[in-house]
Amino acid sequence: MAFEKVCTLDDVWEGDMDCFDTANGTSVLVLGVDGGDLKAFQAICPHQEIELVEGEFDGKVLTCKAHLWQFDTNNGKGLNPTDCKIAEYPLKIEGEDVLVDIDGIEPFTAHS
Amino acid sequence: MSNLKDAFKQNKVGPVFNGGDVAQAAIEAAEWDNPDKEITVVDKGAYIRISAEQELIITRESMEEALGRDFQMNEIEIHLGSMAGQIEVTPEQIRFYFEKTL
Amino acid sequence: MAVFPISSNFEGDFVLQLIPVDTDDTMDQVAEKCAYHSVGRRVAPQPDKIMRVRVHQATESLPRDMKVSEAGWRPTETIDIIFADQ
Amino acid sequence: MSDSAQTLKPLKTWSHLSKQRKRPSEYEIVTTNLHFHTNNKEKPFEVGQDAKMNDWYITYRNNSPLKHDNWDAFRDPEQLVYRTYNILQEGQEAYVTGLLNQFSERGNDQMISKEWAADLARLYTPSRYLYHALQMCAAYLHQISPASTISNLGTYQSADHLRWVTHSAYRTCELAKTWPDVGLGENEREHWEKDPAWQGFRELAEKALVTWDWAEATVVLNVILKPAVSAAVQKQLGLAGAENADTLLSLLNDAQMRDAERHQRQTKSLMEFAMSNDANTSIIQGWVDKWQPLADKAIDAYCAALTDLPDAAEDAKAYVISVRKLFGLA
Amino acid sequence: MYQIPRAEWYDLTRATNWTYSYVSEDEIFPEEMSGSRGIPIEAWETYDEPYKVSYPEYVAIQREKDAGAYSVKAALERDAYVDRADPGWISTMIAHYGAIAVNEYAASLAEARMARFSKAPGNRNMATFGTLDENRHGQIQLFFPHANIKRSHQWDWAHKAMHTNDWASVAARSFFDDIMLTRDAIAVSIMLTFGFETGFTNMQFLGLAADASEAGDHTFASLISSVQTDEARHAQQGGPSLKILIANGHKEEAQKLVDVSIWRAWKLFSVLTGPIMDYYTPLEHRSQSFKEFMVEWIIIQFERQLADLGLDAPWFWEDLTNDLDVTHHGMHLGVWYWRPTVWWNPAAGASPEDREWLEEKYPGWNDTWGKCWDVITDNINNGREDLTLPETLPYVCNMCQLPIVGTPGSGWDVKDYQLEFEGRLYHFGSEADRWCFEQDPERYKEHQNLIDHFLAGDIQPADLPGALTYMGLGPGEMGKDAHDYAWAQAFKKQAEVA
């Protein structure tokens, strides 16, 4: 397990999302979900490799801009369609820094 | 330009629209509703100034004719950005006028 | 000696400026202090001329060696600085 | 000047909202912290201190007995902005237009009795004076409140009250077409000024209009006066209408109650916000205790005229108590 | 729409005065808030608003207006016009929003003053809509610039400006507070809705929209011209007040209120709108000169309206027409020279082509203003940027709070209009500014302008950096030349060629 810093608390506010690269070039989507917690997920939609950061996020549900696939940002599960999900990365906060651990987690593709 | 001091001594009245099909219709309507008057139209892109001497009337009936649809007189407000002269609005017509002739 | 604020109206410039002068300054020194904020900034230098000081819109310039304290100015008084031959 | 812009982090929202670290809503972007004249408590406006208006704002706004460290932190629970207010009320007016036109076609006014038409001329159509007083009171709150988010409550409420005035005026005109000889459109002012049914409300309205302290004025309008109006002139009169085959009246009053209930939700939030400073609770309760008797008197006088409803006054006062309870007040 | 025509029931919506008996009429309408000037309430009840609207019409029409303006914004947002707009045009928007947005919101308080305190029921109802209108104008003009906030800290000033002591903010507040926030209801109807809104808002919301449209900024053009459609309606509140004042023997006072409002509006526009139209808007997009817009909207249209309502041309009318060739050039040069003290990046607008245009529109420009710009241009081209930046403060007027300016160069004619009042020396930028003060010294005499604060030691350290801090300007906010002096390069090349 190796946590690494991807951004600071000021980069992703509640209701915001943004995409950051880790040291090895993996893209991570960080979201400020309702209530103030931060979550980290794979940055690419499992459907057709569209960047999720270009979609919509209402604090709870993440919607891909291309075909309106939707995900519950509480756990990454697909809401529509339901037979898909996005991979979540462990995230922790140290001071003002936001750290994620991508070790051993592979992004999902298609209806997996 | 020393004559500027007296530049206001003229009697042109009329609406200024910020574009839209209402402005085009109003130009037609003004011609119909003020048959004895010369209607001047100045198009500045973002606004169109329609004017006549002393009094200019635009009726709802003419607006409907020009637009080819129902028209409530107060819809004119959506595009009416300004006006020269005093204004009087009734459900059937809008009237721009000066009380005095200079 | 004490700081004394005046409003400088410099010939050829477009604006009045706040200039702190000193009660011991002569009119020549006042002119210099005002020139610093106008000449070479928005007013072309006139090396063949001298700068004279007068109360705003007065017809007569004040003596070049007169001190501010002797001029009877009110604080923030507006002063014209004029290019002159002498 | 060195250009240090590059080294600055880009802003995500107005600097004053940035501390929240929360993506601001449209409501927050356009309604918060707009009263620049609350910045300098001793000198609200950019004119000389002697300009009289400075005194008015210092006395009735800045020196109000009701205190809060940061009135600007108040948020309207409805998050109303201008754009959504018009969408909301255009919809509500479409509904009312439908009601009016539908009942007109159905001959509502021909079906009521002349006695009820006369009652309406006495107990309903003079309401435009009362509603207009509410409109004026809310306009005062708009200009005197200590935060833009509080002022905005007054803005939309004032417009809502004009809406009620408009409904009354329209119905006055419409009813007079069927019932030309009961004084409709003619005697409203006289009823409002002299009829015993209205005198309690008139007294309360006139006194509310000259309440200048912003906080007391807020309490008088939204905690005392308006719930009393809702209870008697909207709810009980609406019930009386239903008793007299005037379904339109009760539906129209119900439609206006939707505005009043929105005002109640806003008032509830504002009272909670104010009473988060404990010292304010007794001040507000003191105002309630001072003003409620006048409101009760107004309700009694008005409801006494609703002869079809013997329990009208009791029911109305019970409603008023329930609204006060909603506000966290006794 | 309701079935019965509005005309049949409209009067009932404004039959809402009654005989007060639990409190007195004077208590309901305190003179300092109402301003009925001894004219009986029955006279005020004859107030007849020429531009009528009812509640259901209002919400329907306004919803449609908003739908139009917001949909243009949404459609153009992805277009990212702002990223490719000329820097001078960006400055136009940033200056506009900072000076206007929050003051528009404040105007809703002034409308509410009429809605509560006017003795004319028709005025109260129209002002209730006017309150909503200004609520709209504040909100929409905050929402649009907020979309750009990531682009520069200067956009923050759309919200922030009025909360600071920046000199331009003080000048804007000084005007708006004077004509709308600190006046009684009737004075508001005359100074704000008549004096300002039937006249000057046309300059900022239609004149400028013409430039915006030329510059390809359709979002801004549609926004501000939509704002002006509300103004066109609620501005009509002043006319009936004027008629009542004149009919009741108060013409002189009405005239005075109008004159003060016009002069003060003119001065604010000379620093805000003048530079925007004649210098910031890229040359190829200038639809008319500032002076030409002023002639169209103020000199011809507005002044004619004044005459029709039975008022005279303000006594300073000849001064004003003469100043159309002078004041805004000075304000522009001042803003540009003191650019670190403003929240936008002033465009010099002084390239050879610009100067040719200015000379054509303002004959003699090169020999006067041009002389100052010659010195500035040489300093830029000789690596002496330091000489193009200020080291002291301009002297500002005790009325308009703006620099005291006049014609430079060969036509040098800079005047200070001084007044000693109760032992204090006041400075004014014009005869009319001094006259405004003299009409109501109690209202203005204790006000401290920027220089007064500086001399009183309120600005620390007492130098320009101290002043910038006092004004609330931080890094990334202070203005710099919008085009990074590219306009001066052309002169260098000219010189090299020669």
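Order as written gives the chain letters A, B, C, D and E; numbering starts at 1 within each chain.
One rule holds for everything that comes next: a contact is a pair of C-beta atoms (placed from the backbone, for glycine too) under 8 Å apart; a residue touches a chain by one contact, two chains touch by 3 or more.
In this text the structure is predicted, and so the values were computed from the model without any measurement.
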Pieces of the assembly after leaving out subunit E, positions unchanged: A, D | B | C
item	value
Subunit E and subunit C - chains in contact with each	none
Chain pair with the higher count of C-beta pairs in contact (B-E, A-D)	B-E
Per-chain Cα centre nearest the global Cα centre, belonging to chain	E
Identity of the chain that, by mean CA position, is farthest from subunit D	C
Rounded Å distance, subunit B centre to subunit C centre (Cα mean)	56
Approximate Å spacing (C-alpha centroids) for the pair subunit A, subunit D	45
Euclidean distance of C-alpha centroids - subunit C vs subunit D, Å	63
Subunit B and subunit E: spacing of chain centres that average the CA atoms, whole Å	26
Sequence positions of subunit E contacting 2 or more other chains	1
Multi-partner residues of subunit B (each touching 2 or more other chains)	none
Contacting chain pairs - touch in the sense defined above	A-D, B-E, C-E, D-E
Subunit E-touching residues of subunit C, taken from the complex the two chains share	5, 7-9, 11-19, 36-37, 40-44, 56-57, 74-78
Contacting residues of subunit B [partner subunit E, same complex]	1, 4-5, 7-11, 16, 18-19, 44-47, 72, 74-75, 77-91, 98-100, 102
Touching residues on subunit E, where the partner in the complex is subunit B	1, 5-7, 50-53, 57, 61, 64-65, 68, 202, 205-206, 209-214, 221-222, 225-226, 228-229, 232-233, 236, 239, 287-288, 295, 297, 299-301, 303-309, 313, 317-318, 321, 324
Footprint of subunit A on subunit D - complex, ascending	9, 12, 20-23
Touch list for subunit A against partner subunit D, complex	9-10, 13-16, 32, 36, 59
